[in-house]
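The same chain A turns up in both complexes below, where it pairs with chain B and then with chain C.
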Partner chain A sequence: MTTTQTQLFQTEKEELISGSEAIAIACALADVDVITAYPIRPYDTVMQYVSKLKADGAFDCDFIVAESEHSQFEIVKHASAVGARTFCGSSGVGWFYAMEAITVTAGLRLPVVAMVGNRALDDPGAFGVEHNDALAVRDLGWMLYWVATAQEALDTALLAWKIAEDPRVFLPFAVSCDGSFLTHSQAIVRVPDNKKVRQFLPNYNRGKLQLHPDNPITVAPQVNEDWLMEIRRQTNEAMLRATQVIPEAYDEFKQVFGRGDPSPWIEEFMTEDAEIVLVGMGTLAMPVRVAIRRLREQGKKVGFLRVKFFRPFATEEIRNALSHCKAVGVIDRDYSYGSPSFGGVLFNDLRAALYPLQRHPLMLSFIAGLGGREVMVRDVNQVVDMCQKAIDTGKIEQENTWIAVRE
Partner chain B sequence: MTSVQDLPQVRGVKNIPVEEYFTSGHRTCQGCESALVMRLMVKAAGQRTIVLGSTGCMYVANTTYYSTPWVVPWMHTQLGSSGSAATGTAAALASMMRKGKMKQEPINVIAFCGDGGGVDMGLSAISAALQHDEYNLLIICYDNESYANTDIQVSGSSPWGANSTFSPPGKVHRIMNKRWKKNTAPMLAAGHPDCKYVATTCASYGLDFTNKIRRALTIGGPTFVHCFDPCPKGWDYDPKYSHELGMLGIETGLWVLYEIVNGELVLNGPSRTIAKGIRQRKPVEEYLMRQGRFAHMTKEDIKFFQEKVDESWEKWWIPGLIPFGEKEEA
Partner chain C sequence: MATVAVEVVYRGIYQRTLARNIVRSIVFAARKEGKIGTAFGRYGDSPERNGIPAKQFAIVADTPEELEENLAVYEAQEVDVTINVDDTMCKGIESWAWYGLEPINKLTKPGGTLIVTSRQPAEDLIQDIHQRSEPFNLSIIPSTASFSGLWVYKDDHTDMRILGALCKVCPDLVSLDSMMAALKDQGTSDVKLSSAQKAYDRTTQRPVEPGEGSTEVPFSFDLPGWKSMEEGLVIRGIEQGGGFRGGQEGYQPARNAVFKKWSTRSMRPVVNFETCIKCTLCWLQCPDTCFDVTPDGLFDANMESCCGCGVCESVCPVPNCITMVNEAEFNDNNSEWEAWQKDANSYKQWMTALVEKQQAAGERSHGFHHVGGYAEEIANSRDS
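Now for the complex of A and B:
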C-alpha cells in the first residue's frame, strides 16, 4: 500500500500558531482521509485552517462541509467504518446537535477523532469556554482529554489517532480545547516532520471489521435484550484496555519524537509536599500555576494537579497524587445542577475516586470561569484560603462555592 | 469522480439476474412490498455493493443479531442519516482509492430510508448528499406511508385521512391526518439541478424497478429513487393484494411513475399512458376502499380525495409533479 504524504512538513520546525491551527496541522501530518466541517464558534477555526491547507495542496483529504453537525458526525462515522482515517469537531450546542451520531460512533467502536472547542451551552448565548459540552459524552465510550497548550493540542491529536485506532481499543477520542484560551491563542509549537509522524502513526487498519464487498459483514443489527449487555461489556473492556494502550502510545511518542510529558494522565505542579492541592482541567492551569508560584514564595504549601484524561479516568494516579495532602480544592469549569453537594462534574468524579482510601483529604468544590469568564490569581487565592480554613477548623463549612460571581 | 460499474439495462423479466443478495434470515411481514424492494435493489446492483440502512422496519425486521439476509456488506445508520451514510461511505472509498490505501474499483453505495427517515427526518441530509456530484451514491426511499416499524404512525408521506395510531378516527374528529402527502421526489429533483437522476417506482413493476436502480447506479454522481410500497400491516389489507394495490395506486393516478434523467422528464408505465390519454385513470375509491386505513371515510371524504388527485393531473404545471404554473398576464 502506498501512502500520500504532505510535502509541507519535511523538517521539524517551530511555528507561532493557535491551538486550532496546531490540530489542523496534525490532520495534515496524520494524512487524514475524510474530514467534515460545520460552522460554530470557537472550534471551527480548525476547519478554516484545514480547508486552507487542502486548498493550498498541503494535503489530500475529502473535506466535506456538512449541512448540520448531526450529518458531520454521521459522515465520519460511516467513513471510519469503511476504513478511512477521520476527523471532525464541534462546540457547545453544535456538539449536542450531533449527540445521536456521537453516541452511536462509540457504540459501533469507530475510532473517530474529534476536537471539541469548549463553549457554553445555549441559552442564553455565550461564546466562551465551559466544559459541559464535551463532558456530556463522559459515559458513552468516548475517550476524553483536556489539553492546556497548543503544543499539547498537536501532540494529543497525533496520539488520539494512535490510541483510538489501536484494534485493542477502537473507541472514538475527543480532544477538548478551551474555547478562545486555546483555540484562538497563539504559542510557539514544535511541529514534527512528517516522516517521524508516519513512523509513529501508520495507516488505520479496520481489519475484519472493515465494511467492504471483500468482507461482507452486517454491522449494527438489532440485538435487543439477547445481546446488548454483552456488547456494552465489550465496550467497557475496550475502555479498560485503553488504560494500558495509552501509556504504551506515550512511550512510543517519546521514542519517536524525543520529547513528551512524564505522565499521560495527570500533570503535577509543586504537589510533592503540598498540604493543599488544587485540581482542574484545561487552560485553567495557567493562572493557577502563577498563583501557586506566588503562594509558594510566601511559604504556603500549595500545589496543582491537572487532570488530562477525563475518560478513561486515571483513578490510581490521582489517588496516589492526592492521598497525602490535607485538602483538595477542585475548580470545575462546568456545573452539574442538583448533583451530590451541588459540586462540579470533575469534583464528584474525583471524590468518588478517593472514597476507598483509608485517609481522605478534605474536599471542596469550586465553580469558576463559566462562559469564558477569566479565572484570576485572586480567585485562586480565595480557593486556597477556603481550603486552608477547612484544614485549620477541621471541617468544611461550605462544600460548593461559586467563585467571582455576582451575588 | 470514481468510475461506475457496467450494469446494463435489463430487457425482459427473464434476463433479470438470478443471483440473490438479500436472502433468508429476515422476518418481514407476509406480503411486505418493502422486503421485495430490498431484494430487487441488490439484485440489480450486484455483489460489489455496500448497503446502508436507516432505522425503520427494513432495519429492525431484516437484521436481527445472529442472522442477516444481507449477502453484501450492510451497515445500520440512524433514522435521519441515509444521506450522510451514503456520503461518508462514498467519500471514504473515493479518498482511500485516490490515495492508494484501497484497491481501485467501482463499488456501488446505496443508502435506504423509509418515508419517516427520508421524507421527514432525513430530508436535509439527503438534500446535502445530492449536492456532492463527486460521489457516486444512490439513496432509495421505500415509502410505505407511515412509521411502520413503531406501530404505524403518520409521516409527512402518509395520505390524507389515513387511519394510524397517531391519527385514529374518533367521535369528534373523523379525519385526524389533514396533511396531503409530501411531493418529495420532484422537490429533490427541482432543488438539485446537478443531480443527474431522480425517479419514482413501485416493486409491482419489477423490470421498471430494476432498470431504474441500474440507471441510478451508473449515471454518475448522487441519485434518488422513491418507491411506493404497499404495507399489509399499515394499510390494513390481505397480504396477497400487495402487488395489486401498488398497481391500483398508479392506475388511479395517486402515484406517478417517472424518471428525470439529466434534467429531462419521462413518464413511465401506466402513468405514461394516462398522460397520453390512452387509458383513463381509475376512480380513487377503488383504491381507497380496498384498505382498512380508509374505511372510516365518508362519500364526501372520497370526493375531496378524488378532487385533489384530479387537480394534480388537470391543473398542475406538470401532471403529478409540479403543483404550480405561471400566472397568465391579464
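Now for the complex of A and C:
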C-alpha cells in the first residue's frame, strides 16, 4: 500500500459530478489498490471516471479490465485476500453473472467494496433502475446500502471501506445507486480533502488472515457437514457486529468531516406525527418528499422513511419509527413473484420486522418505478389515498398494488 | 423565479460534448449566484447513436427543496429555454428514448424561448417548427451546426455563443457577469469569452404567435397495456416487402411502422437518376434498407427511413450521382424518383441547384473528415 496521491484533492472542493463520478473520486481518495472492471450500463460510467482519474494522476491503482464480470469479481476477491484495498462493481445481469464470485467473497470474509448501478434484469434488455439486481445478495453476507444522492454515494463509499475492513466485520459492502437518476445525473458534491480521508480511513490491515508467503495459510478449504454450521454462524456474528461498527464509523465520519446524517440506518422525513408513513429506498425519496411537502400543506399527516441499510436491516430503528403510525405504504422498486401477498422484497422484510410489535400499523405493498419508470407525485398521492382508505375502513382491500402500470 | 430549466436538443455523439459544456456551464454560473443545480442527459433505452436526437438538461433553483421537484426524472416537465444546436431538428425529433415524433418546442413553456443555431432566416425555420396554441419566442444564433465526434471536440465557440445568448433571452436564469465568471473559473480564454459577450450583445428574439408554424400532426403511437400485450416477450416479424408502391414491379421492403428514423438525418442523398448505372451498391450497402427499387430498376431513397449516414454517396462509383445535401434545404419527405418521373427537366434543375449549392458551401455536418479538417472549418465558422 503506497501513498501515491498527487496534488489533486488537497483541499475540500465543490464539484458538479454524477453519482458514478462521486464513487470514482471516493476510490481515488481512499487510494484503492486494485480496481477491476467490465462494462455494463449504467455501472460502466464508474470505470470511465476511474480510468480518467488514474490517467490524470489522481491516484495509482492496478486497474484491470477483466474479460467478464465473473473474473472481475474473482480478481478483487483474491486481491483482498492478500491485503489490497479493492473496488469493483456491476449492474443487472452482469452482477448475476458474477454471482459465484460474489457469494464466495462474503464466505471468505473479504471486505470488497462494490458499486451496483441498479438496472432491470434481462429479459427484456433494459437500462432503467430496478433493485432486484443488488437485492439478490441480501442473504449472502454482503452489507447492502441504497444511496439517494451523489454526495451520499461518495460519503457511503468511504464509509464502506471503513466498515467492511474493520476486523470485527470483514464482510463485503455493496453501495447501490439507482441507474440514470444517480449514475448519470450530475449534482453539486462536496469532495473532502485527502488528508481528512486518510485520517478517517487507515490502511486495510488483514492481520493474521492475510495471504502472504510470510504467513503461510490456506484459504477456502472443502468441508463436510461437521464444519459448515459453525462457519455460517461466524458470518452471522460478523453481520451482527457490523450493527455496532456502523454507528461507530458514522460518528467518526461526523467528527472528521464535520457533517453526516443523523442516523446511518434510516432517513425520517416528517414522520414524527405522521399517520401514514411511506417507505422506500434510493432516489424514490425525491418524488415522495415532494408529494409529502404538498400533502402537508393540505394538512395531511404523511411522512416518509427511507431505508438506507437493507443489510444489516435496521430492525429496531424501523420498529421505533413505524410503531406509532396508523398505516405504512411500502413502495418497492423491485418485485418478488409469488412472495407472501405478492409483495415487494422490502415490504415483506419490513412486515416481518414489525410482526413482534404489540400494535401493528396497517401494511400495504406497492410496486412502482420498475425498469426506471419515473415515480410521479400523482403516483405517490395514489399510494397515500389507498393507505388513507385502509385507515378509514380499518381493513386492507388489496395487499399489493402495482402503480402506474398500463392495464 | 424559483426554478429555471433549460434543455439542449443535440445530435447524438456528434454534439454530445457541446451539449455537456452548455448544461454544465449553466449550473456553474447559477452556483455563482448562490443557486443550486443539476445537469443530466435524457437517459434512454440505448446509449446514443450517431446523429440521433438527444437531450441534456440544466435545472437551477433557489433552494434544494425546489430543485428536488426536478430530480429523479428523465426530463424536465417544461423548460424556460429550449436550445436546438442543429436547425434540421426543427422538423421534430424521434429518439430511441421515446416513441413518435416530438415537436422541437414540446417542452418550451408558453412565453419561453427556442434558441436555434442556424443560417436560415426565421421564416424558414418557423415553417418547420410545429404550431402550438401558446406563443413562444425564437432566437437565432447565426452559425453552422457544430458537429464533431465522440473523442474530438470542434472548439468553434458555439457553446460560448449559446451561453451568451441564453443570458440575454433568459435573465431569470443567470446574469452575464455570473456566466462570465463561471466560464473564467473553468479556464476559458478571453477570445472565447468575447464570443459569449458578442452573442449577448447581438441576440434578439422574434415572437412566434399561435397559428404560426407547421400544421403537420407529429406521428405518435399508443403503447399496449399488460392485458393486451403478447406474452413471452415476442415481437412479430414485419411483413415481407413487395412490389414498388404495391404494384407488380420493382421492390419495396416493409419497414418498422413505429420507428421512422428520419429525424436522425442532418443531410440527405439527392440522386441523379439519369447518370445512375444501376450497379445496386447503394441499395446493398444502405444500413437502413432505405432504398426502394423502382419499376425501371433505379434506386429511390425512402426519406421516411433514411438516417442520412452518407454510405450511399461514398459507395456510388459514378461521380455526383448521389450527393449528400443539407437537410435544411427540404420541406418534405417526398420521393425524388416520383418527382423525376413527373417532370425530369424540373427535377434536374432543382437537383443541380442543390448540388452546386452544397458543393460551394463545402460543409458537411458529419462523417468522412480528414485529419485537421475541424481546424480548417473552425477558421471559417467563427463569428463571421
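One rule holds for everything that comes next: the second predicted complex is superposed on the first by the 404 of 407 C-alpha atoms of A that agree within 3 Å, B and C clash if a C-alpha of one lies under 4 Å from a C-alpha of the other, contacts with A are read in each partner's own complex, and residues count from 1 in each chain.
By our rule, a residue touches a chain if its C-beta (ideal position, glycine included) is under 8 Å from a C-beta of that chain, and two chains touch if they have at least 3 such contacts.
None of the values given here were measured: they were computed from a predicted structure.
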item: Clash-or-fit label for the pair chain B, chain C on chain A; value: fit
item: First (chain B), second (chain C), both or neither touched by A:E407; value: second
item: Which of chain B and chain C A:T11 touches, first, second, both or neither; value: neither
item: Vertex chain A; arms to chain B and chain C (CA centroids, nearest 10 degrees); value: 90
item: Partner chain(s) touched by A:A126 [first = chain B, second = chain C, both, neither]; value: second
item: Touching partner for A:E374 - first (chain B), second (chain C), both, neither; value: second
item: First, second, both or neither for A:I217, with chain B first and chain C second; value: first
item: Partner chain in contact with A:Q298 - chain B first, chain C second, else both or neither; value: neither
item: Partner chain(s) touched by A:R41 [first = chain B, second = chain C, both, neither]; value: second
item: Residue contacts on chain A - larger count, chain B or chain C; value: B
item: Touching partner for A:L284 - first (chain B), second (chain C), both, neither; value: second
item: Lowest inter-chain C-alpha distance for chain C and chain B in the superposed arrangement, angstrom; value: 26
item: Touching both chain C and chain B, counted on chain A across the two superposed complexes; value: none
item: For the chain B and chain A complex, residues of the former touching the latter; value: 47-50, 52, 59-60, 63-66, 68, 70-78, 80-81, 83-85, 87-89, 91-96, 98-102, 107, 124-125, 127-128, 132
item: Chain A to chain B touching residues, read off their complex; value: 1-4, 31, 33-34, 36, 60-62, 64, 66-68, 70-71, 74-84, 100-101, 104, 203, 211-213, 215-224, 226-227
item: Touching residues on chain A, where the partner in the complex is chain C; value: 14, 16, 18, 41-42, 123-124, 126-128, 178-181, 184-188, 283-287, 289-290, 293, 372, 374-375, 405-407
item: Chain A partner contacts - residues on chain C that touch it in the complex; value: 24, 27-28, 31, 36-41, 43-47, 65, 68-69, 71-74, 223-227, 233
